[in-house]
Amino acid sequence: MAERRLALQRPPGSITELREIPLKLELRGITKRFGDLVANDHIDITVEPGEVHALLGENGAGKSTLMNQLYGLLQPDEGQIVVNGEPLVFKSPRDAISAGIGMVHQHFMLVPVFTVAENIALGAEETRGGPLGWLDRRRSRRDVIDTSKKYGLPVDPDALIEDLPVGAQQRVEIVKALTREVDLLILDEPTAVLTPQETEELLTVMRSLTDMGKSIVFITHKLKEVKAIADRITVVRRGKIVGTASPDTSEDELAALMVGRAVSLEVQKGPAEPGDPILKIDGLVVDDDRGVRAVDGVDLEARAGEVLGIAGVQGNGQTELVEAVMGLRAARAGAVRLDGADLVGLSTKKILGSGVGYVPEDRSHDGVVKEFSVAENLILDMYDRAPFGNPIRIDGSKVGSNATERIEQFDIRCQSPATPVGTLSGGNQQKVVVAREMSRPLRLFIASQPTRGVDVGSIEFIHNRIIHERDQGTAVLVVSSELDEVVGLADRIAVMYRGRILAIVSPDTPREEIGLLMAGITGATAEGEK
Amino acid sequence: MTAETQTPAVKKPEPAGDDSFMNVFLRNLWSANNVLLTALSVVLAVVIGAVLIVVSDAEVLAKFGYFTARPSDALSSSWELISTAYSELLMGAFGDPAVFQAWFAGTATWQQAFTPLSETLTYAAPLVFTGLSVALAFRGGLFNIGAQGQAVLGCIVAGVAGFSFGLPIVLNLAVALVAGVIGGALWGFIPGLLKARTGAHEVITTIMLNYTSALFLSWLVIQKGVQAEGRSDAISKTVAESAQLPSPGGVLRVHLGIILAVLVTAGVAWLLKRSAFGFEIRAVGANPHAARTAGISVARTYVLLMAVAGGLAGLGGATQVLGTAHALTPAVAGNIGFDGLLVALLGRNRPWSTFFAALLFGALRAGGNRIQSFAGISLELVTVLQALIVIFIAAPALVKAIFRLRAARSTGLGASLAKG
Amino acid sequence: ACGEAPAETPAASGSTAAEAAYKACMVTDLGGIDDKSFNASAWAGLQAAQKEVSNVDPKYVASSSEADYEPGLRSYVSQSCNFILAVGGLMGEVTTKVAKESSSSQFAIVDSNSGNSNIYPMQFATHQAAFLAGYLAAGYSKSGKVGTYGGLKIAPVTIFMDGFADGVAHYNTVKGKKVEVLGWNKASQNGTFAESFIDQNKGKSVTETLVSQGADVIMPVAGGTGLGTAQVAKDSAGKVSVIWVDQDGCTSAAQYCDVFLSTVVKNIEEAVKEAVVKGAKGETLAAAPGYVGDLSNEGVSLAEFHSFDSKVDAGLKTELETLKADVISGKVKVESASAPK
Amino acid sequence: MSTATVEDLTEVAAPEPFWSRPRKLGTALILLGVVAAGVFGSLAPGEDARFTLSENAEGAALSIHGPFGAVLFGVLTVIAGGVMVAGLLKRRSNLLLVLGILTFVLSFLCWQVAGHFMPLVDTTEGTLQLALPLILGALAGVLGERSGVVNVAIEGQFLMGAFAGALVGTMATSVWAGLISAAVGGVLIAGILAVLSIRYLVDQTVVGMVLNLFALGITGFLYERLMQPDAQTYNQPPQLPEWRIPGLADIPVVGPVLFEANLLVWLALGLVLAIHFGLTRTRWGLRTRAVGEHPTAADTVGIRVRGLRYLNVLLGGVVAGIGGAYFTLVATGSFTKNMTAGAGFIALAALIFGRFTPFGAFGAALFFGFAQKLAFFLSAIESPLPSQFLNMLPYLATLVAVAGLVGRVRGPAASGQPYIKS
């Protein structure tokens, strides 16, 4: 049965020869050290053909490190990789690829200035023969279109990667792996930037792949997905395997296993006590980098003591909206008022200084300076202000004591305040940003994708801090493409679509309805509040 | 609120001082044996230099022609040649023991004994400034090839101020120095502004400004009012005595510039490490996007940074004119800007390392003069030696590999092969 | 490596020669020893002196920047050189300073005169020879246009160009012709400069521009850059000829001898040689009046025509001889703002 | 899937801000045009400006009354600017810009050349001649840079190439042997650059700068030891012959420049095309660019990052080495110390000016060459400007062009960063 479908579904110009033998993978005693840190400590894992093997673990548990070794990007210090009973050494991804392994990386491995088709072709280019290796772009494009049709993952072969929203980039990564006809596919947090629908589609693709006898290693922080797709679950903590579980295990149990303590997956919050409006946006119009209208006349109001969630599929103008509020992007028209004072035209520094906290959506690009220490990152936008310094000089001891305090308060896991932030795990980098932005009295707190790629323990923590901030009377604006997150945190939800606010609904609205709004389909119910 | 109930943060080892990422990185790179490494780098350069010296000497080379017949000839003469060359280099940079003895015996003056050191410091002083200029810009993510042009402008403005105003002592010097800083700052400000406003790449603009300033200087020195009276060649009036950097005089050319260099290095170190502007520079240099998001104006930082860097290079030019040259000529700035580039690179863009790199370059220049004049070894060879020393010091991994100190690259691969 | 070892020589024989060694030491200007200009000439002078008086021991140190002048001079003082030569007017101040402090050493300088008693100045009325060259060029030119350009706009360069322009002007007055000079305007003291003494490619390009404007005799005053001019002349297969400067082109750039119409010789070599020889023989070198090379003492001259000997017509040759005599006698005045004062 | 992608969003057309780039540039052109028509027109002597189609005063010529030409072209500049400001011909705004600048330059020339003549063949030839080493050097830079290795050692490669070409060319009395050894000389420097920066992870700028110093020292030293004492045997290389393609060489202006030329001219032009198409159309190019933009991504699809970088840097060495050969085997017939005189740095600037592309670098080099040739030309026809200021022309023109027209240049993202695998 599986064989037949395999033959049927084989795309017309598949790149790699089809392997008849299913792939069984064993990792034996894999150990990897970075200096004193043991990222992987004698890890044993077996992946059977045709199964989805989920890897769970906190940020920094060592999941990506393990997979990078399996893919030849890193070399293990100890241990063996055994494929179909044969121990193999992967010196580079080339070796892994030829062994039939493919990987979708947590951080996109896409060349931003290339088109989708170029990225997908890279490394396995179609050429018109000859010694020059003249590229056959037509065939490359067709391959992309074929694969994308076959798996229902729409991608435009001619779009430049840098112009694509992250969700689309993620699809490109997946298509790239699929065109290569691999036997074992590693998916490292592929769903972190996908919408619920997209995630659903991906799970379907994964099922069809396993039906073909291929195996999948699946890494995610979303327990629902694990339960929905995994055949087996391995949980890693601090580099060691701390247990295996079956898909029947409850989410709470899984979470506890990952983090080592009980985690509440629901946001714990009392009812909001909204006060006066603090942020008022009127008729805001903003263009994106290419001069295309991204925000097209948005009116919004955020009140003290409430969380206003902005739901929407990534790329519908949320980014530009927030950047315009923060003075990082010029507003073409409209007004943004904070406590009645206009923010349009003010510098980011002034805006931050007037009591606004901001967690940008792309933390490694915009949130932290990786070369800077944790302590320095904790004052990145307050370095020239009391108590840390003045426009001339920075008080080192204040910076140090602040760091110690925040590290304690926000449970940032790092070796010391002097550790460069770049060596922290993503979740902890995020906590650094959140800690910094919450460590001064705020009128307005804006958080974009506050928990993207963050483990459940940290999510719980960050959510609690956001609610805490709300309860102190700050107006909070949470932008997230994660519907669960918006629904859990917000007191009111604005759904954004193509640069406009389609509706403002209450979090009790049925999810399907909000989902439809996010897709641009307005029903009769939603208009009420507007 | 949940913080208290959570597992305590990972054990926090003692903070290792307020080290930057660079420091941590370097420490790892150099591991425990960095003194050894530096020494070995110099040894390597010296050995290769020795080979060149021998190869380039026809007489000694001829003796290798009958090496099998009488190896002692070739070996002893090579040894003699090499040891003279290097001892001259050292004596030219640090001091001649014979002269010290003579001084103790009363047949030479202390000035004579300290001449070599004075020379080293004289050459080093402007390089400290231009080196700092390049280093500072680098820390902010800008490649300032323009230190040369900025130094030239510093020379011009300081020089003109030095012979024009006739202010009283101290004040005249101060004004001339400040003028030099302003001249350089202006020449740095232009590419900074262009970068911030139009995005023009600083490498192109500064290269172009280098040539422009050199041409401007060669035009200026032969203009009436600037050209020295009664002279037909390209030399300006002499800087007033009161505007010259004080110096012991006589054989000792060293001047106040080197003290200034120490102070300015300390200032730049403070600026980078403790000041708000330094924080901005480093943040913009490491991640301009994050800096912008945190409210730092990247454009303003670029403009100010280039102006400050230009000012530093200008100060280098000013010390050259007010300290050693005392008059403007078309080539008065020599090569201090380009040498400053190497100095900064060698000092890995950290202020005090740059300072010491400048001292090393000064020593090589001073020693190079002596090796040329006493041992008759060509200036070109000294240049090659300089290049070799910089290469080896900048490439510790190479030195390690040559001496098989420790696998130069990650051992991961070898280990996995051995065990897998 | 299998050669025969020479017989061991007794160590004594070397030291007798060294006893009376007359150390003639020179500090070059920035162009270095191979600048195809005054450094090269001065060095040639030292070597020539050694040929004449065997105990002369010549050496040099090259300056890579102006800051090297002083240590260069001083290190020769401390090596007790008998004759310390500074090459180039820009070394004037420094030489005076060092000479004052080391009153027992004998210094000499090219292209400068400080009046210090222990500095022997050597200066050259180069414009006189260049004047003849201008006359020659004007007379030889078929196109009625001649050209010149400089390396940098500095006095030792423009003095050649001044003389050249005057020579052409003189030819025009005498003959009632209208030969034009391209690349230098004596009145406005402005003209064409390559801004380099080494960049042959620029020299080539500048020359091609002058040639395209019609010049067929060109005098580059630009050291190595001038080789580019010689190359253009060589490629032109006889249409363009070159007047070289400083040292006779047929010795200093022998591969291009075919294209050199003549050379404006600034005989630094001879002057230096004579000074050293005098010094080595124990004669005193009087600082005043020092040495001023002009047409009368062959300190500057127009070199032989070499391969052009047959092409320059006899009439022009005689006129040049007469003109030379007239300049020497003062009948014809040649002036330049850059001339030694 | 029902997600909205960017393609959908592009339907929303945005009104541009009024002061768009073309409008700003157009305004600048109008100002320039007014200056040209007014100032140049009134300063121009009332004589004809002749542009001869030969390399000297002879032959056919385009001739125009100086003041008239200056005003005419100035007005044309104003018109080009006006069209841009009016927002007409939006698609062609680059063409308009080029036209505007061209007419401005022509107006300037009418002023300067009035009463004189400008030989166009000589101007074009000189432009190409001055640009030729810059083209080759910048192409070498393109090769390295696009694969992620910054090459600031172009100057060193030039010098080594020039030296090796002269030395071997003389000793073998073969210009071809000289050319090959020049390439080898360039590769030598490139090899050190590659090994130190790719394998030993030394900062690429540091290595490059030091290699410039090293090449200067070593060639200067060997020159002193070998060439200077005995030029006959070591420093008189044969010259690259000039070939004439009958027929094509008779095309006015372009013919004598392009089709009566030496091999290096054709090689340079060929390389511009070859590298352009190589980079954009071949597997090698795609991989090279990937390695320069995102080496880890390239690695994950099985590309040998370091191998490709080695290859490209060494190829760059070949090209720059040949660029060096230009100095000794084409421009002149001998090597002298430091004879490249900073051309490598100008090539570096041309590379960035040309946005790291072969055509861009080519254009930038020509631009520079033209400005320099123009400066020589103006000084030869007795322009009243002091020679030092005329000689600033190429540098200032580049500065203005880069600031005003080119703007932000984005280099390959991974350029300058070593690829470290742990």
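For clarity, chains are labelled A, B, C and D in written order, and residue numbers in each chain start from 1.
Here, a contact is a pair of C-beta atoms (placed from the backbone, for glycine too) under 8 Å apart; a residue touches a chain by one contact, two chains touch by 3 or more.
Computed from a prediction, not measured in an experiment: that's the story for all the values here.
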Both-way neighbours, i.e. chains that touch chain D and touch chain B: A, C
Pair exhibiting more inter-chain C-beta contacts, A-B or C-D: A-B
Distance-maximising chain from chain D - centres being C-alpha averages: A
Cα-centroid distance, chain A relative to chain B, in whole angstrom: 46
Approximate Å spacing (C-alpha centroids) for the pair chain A, chain C: 75
Chain B-chain C separation of Cα centroids, rounded to whole Å: 36
Residues of chain C touching at least two other chains: 32, 153, 195
Residues of chain D touching at least two other chains: 223-224, 337, 386, 388, 391, 421-422
Where chain A touches two or more other chains, by residue: 74
Listing of all chain pairs that touch each other, if any do: A-B, A-D, B-C, B-D, C-D
Chain C residues within the chain D interface of the complex: 32-34, 147, 153, 182-183, 185, 188, 190-193, 195-196, 198-206, 208-214, 224, 227-228, 230-231, 234, 254-255
Residues on chain D engaged by chain B in the complex (per definition of touch): 196, 199-203, 205-207, 209-211, 213-214, 216-218, 220-221, 223-225, 337, 342, 345-346, 348-349, 352-353, 386, 388-389, 391-392, 395-396, 398-399, 402-404, 406-409, 421-422
Chain A to chain D touching residues, read off their complex: 34, 71, 73-74, 92-94, 97, 103, 105, 108-114, 118-119, 121-125, 127, 132-135, 152-154, 156, 159, 163-165, 167-168, 176, 195, 197-198, 201, 287, 291-294, 296, 313, 315-316, 332, 497-499, 519-520
Touching residues (chain side chain A, partner chain B) in the complex: 35, 74-81, 87, 89, 91, 260-261, 326, 328, 347-353, 358, 360, 365-373, 375-376, 380-381, 383-384, 389-394, 396, 400, 407-418, 420, 422, 460-461, 464, 468
Partner chain D, residues of chain B touching it in the complex: 52, 56, 143, 145, 194, 197-201, 203-205, 207-209, 211-212, 215-216, 218-219, 341-342, 345-346, 378, 380-388, 390-391, 394-395, 397-398, 401, 408-410, 412
